[in-house]
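Next, two complexes with chain A in common: one pairs it with chain B, the other with chain C.
So, the complex of A and B:
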């Protein structure tokens, strides 16, 4: 395990690299070669839309502030994960995230936001209220941080403003599913340009 | 809604011009408020029909005020007395003031003479709301249907909100169905 140099900001986040082989259930299908980061710098280009679509081979989790899985979506990954497994994985990640904050040598750590393994990346975004959005995708997939923030925005719009949603409970909102699918599948990068 | 920041301070409220003021209000703030309104009413009722009725009641006062204001501001203190005129007044003027746009369509019912429909592809109040499957055909547009412009203008009518699926679209549109009371038949045309 090795820490990279902290970012020049008050809140220190850590990038942890795990050069170990992970259990089969965490592995993804054939890794796609990554495109250069520069190609995705401008989100408004069609190229960026292409990068977005690459998360399609991956998984998306949303966990509430106590570690319960409230949303899970599988986008064509190889290993099958049943509901119990995904619940377990999600709450394990919650604990690991909390442990990483304790491990930090500097104060003000917000936990892991990127975990890199041999054949996948795990990107995690934690909202101010402790809801965590994380996605596993092939190594080198670009702009996942931005995508997670877009998903957070969809969550605040179509889940939190829905009077029929109960806080901290599993998300069953038609509009959220619909808009998420649109963001992921179509070239809805314009959403970012608002 | 009224621009507080730049507005000149008037000592007497009657000296104020009857201008539009700022027409914008935060959509998020409205969505949260409306969501709370629905949630609160949900705790007060036993069934969906009652929830619908409560939302309609909440909308009723909006209509009374809006009609009063708009007749004064847009119509020189005159109120529409013809049925078609009042309908197009609702479809355009009232809709524009309440939702920032003209309603998508105003149609006459094909089966009944006394039915009219105002359709909206995506009603503003429903923008962020997904109704769970177990609530059946419940539509939060009941709040909009309850806005009693017609009733206050002297056209008693039964107004209800419905979801109508459209082909080739994932989301159903909302139709506000207006059924006029019988004694108003004489005014048709």
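So, the complex of A and C:
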């Protein structure tokens, strides 16, 4: 069992699962062999363990379609970012994502999906509804796109299906927190045990 | 002396070469090769010194607006990256102008239709090269372009600093 917490029944899960046949806008520029079901299976492979360890050095942001921060998690970065700064960073990213689409020399731009800085890499994944997931991780970290899609899957399962969750509002869903932490924790244990 | 002349190919210009042209890094054509789409050069104050385009089917804005938007994007991205950097604790405030080389900078970002490569020199010259998204690391190319700028623009006695390069 991947999760000890109750999950939706298999049939429902299968129907609402992250679509295997991704629309063009969601496809990665470099083909990842695993789409969703495989991405889940991928959690148990060393490569996924590697990428999970990598994100632990950075931060994870989820912003709604108007640029408001709805989820923020810090995985041990140096210094402290206060709440106002994380809100500012989130909305700044939202606007730069939009500007980068304006500046494209060829039509059909969907915004930044990888920013390479000297000390870190920032990977961004935008869902069809405009919710953006972005993670700051070490330079050269692999498979973060897959990880962000796994997080997107957790978001659809435990946030969007939560009847008490209001759309576009900050995520305060226990199950989401729990499962995200569990996925990361399980992987860290797997990594240390090896 | 070259600022970015760390690479062996850049410093090994033979003294009897006749011309002072810096050697191009291996695998680089003249100024980026066929995959280069657009090149911008900005000075510290945001004046666009040079704009070249080789392949640009889409134009959403007129040239001056486009250059302003590009400079603004780079300015904000610089302050964004220096603030979000997870490896340094002391980062200052968001939105305060940064000196060249201050804080954590970035060297490229990638979207599904293009890749933007960025180099900022210690004097605040910003080089932006837009290429196809599949191209690899272009940092050496940008250093090469910067060295060409130093050789043929800065050392040109007829060039007035801060004016567009002709």
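We adopt the following convention: the second predicted complex is superposed on the first by the 140 of 194 C-alpha atoms of A that agree within 3 Å, B and C clash if a C-alpha of one lies under 4 Å from a C-alpha of the other, contacts with A are read in each partner's own complex, and residues count from 1 in each chain.
In this section, a residue touches a chain if its C-beta (ideal position, glycine included) is under 8 Å from a C-beta of that chain, and two chains touch if they have at least 3 such contacts.
Since we're looking at a predicted model, the values are computed, not measured.
A.B. asks: On the A-aligned overlay, A:178 touches which partner chain: chain B = first, chain C = second, or both, or neither?
C.D. replies: The answer is first: A:178 touches chain B but not chain C.
A.B. asks: So which one touches more of the residues on chain A, chain B or chain C?
C.D. replies: After superposition, C is the partner touching more of chain A.
A.B. asks: With both complexes superposed on chain A, which partner does A:66 reach: first (chain B), second (chain C), both or neither?
C.D. replies: So A:66 meets neither chain B nor chain C here.
A.B. asks: After lining up the shared chain so the two structures overlap, which partner does A:112 touch, if you call chain B first and chain C second: first, second, both or neither?
C.D. replies: A:112: touches chain C, not chain B.
A.B. asks: With the two structures laid over each other on chain A, which partner does A:120 touch: chain B (first), chain C (second), both, or neither?
C.D. replies: Only chain C is touched by A:120; chain B is not.
A.B. asks: Please indicate which partner A:164 is in contact with in the superposed arrangement: first for chain B, second for chain C, both, or neither.
C.D. replies: First partner only.
A.B. asks: Show me the chain A residues, by the header's touch rule, that chain B contacts in one structure and chain C contacts in the other.
C.D. replies: none
A.B. asks: Which chain A residues qualify as touching chain C in the complex?
C.D. replies: Touching chain C: residues 29, 57-59, 77-79, 81, 85, 88-89, 92-93, 95-96, 99-120, 122, 136 of chain A.
A.B. asks: Within the complex, which stretch of chain A touches chain B?
C.D. replies: Against chain B, the touching part of chain A is residues 157-158, 161-164, 172-176, 178.
A.B. asks: Tell me, which parts of chain B touch chain A in their complex?
C.D. replies: My answer: residues 28, 31-32, 34-39, 42, 128-132, 135, 140, 170-171.
A.B. asks: Touching residues of chain C toward chain A in the complex: what are they?
C.D. replies: 37-38, 53, 55-58, 60-61, 66, 69-70, 72-73, 76-77, 80-81, 83-91, 94, 104-114, 116, 130, 133-134
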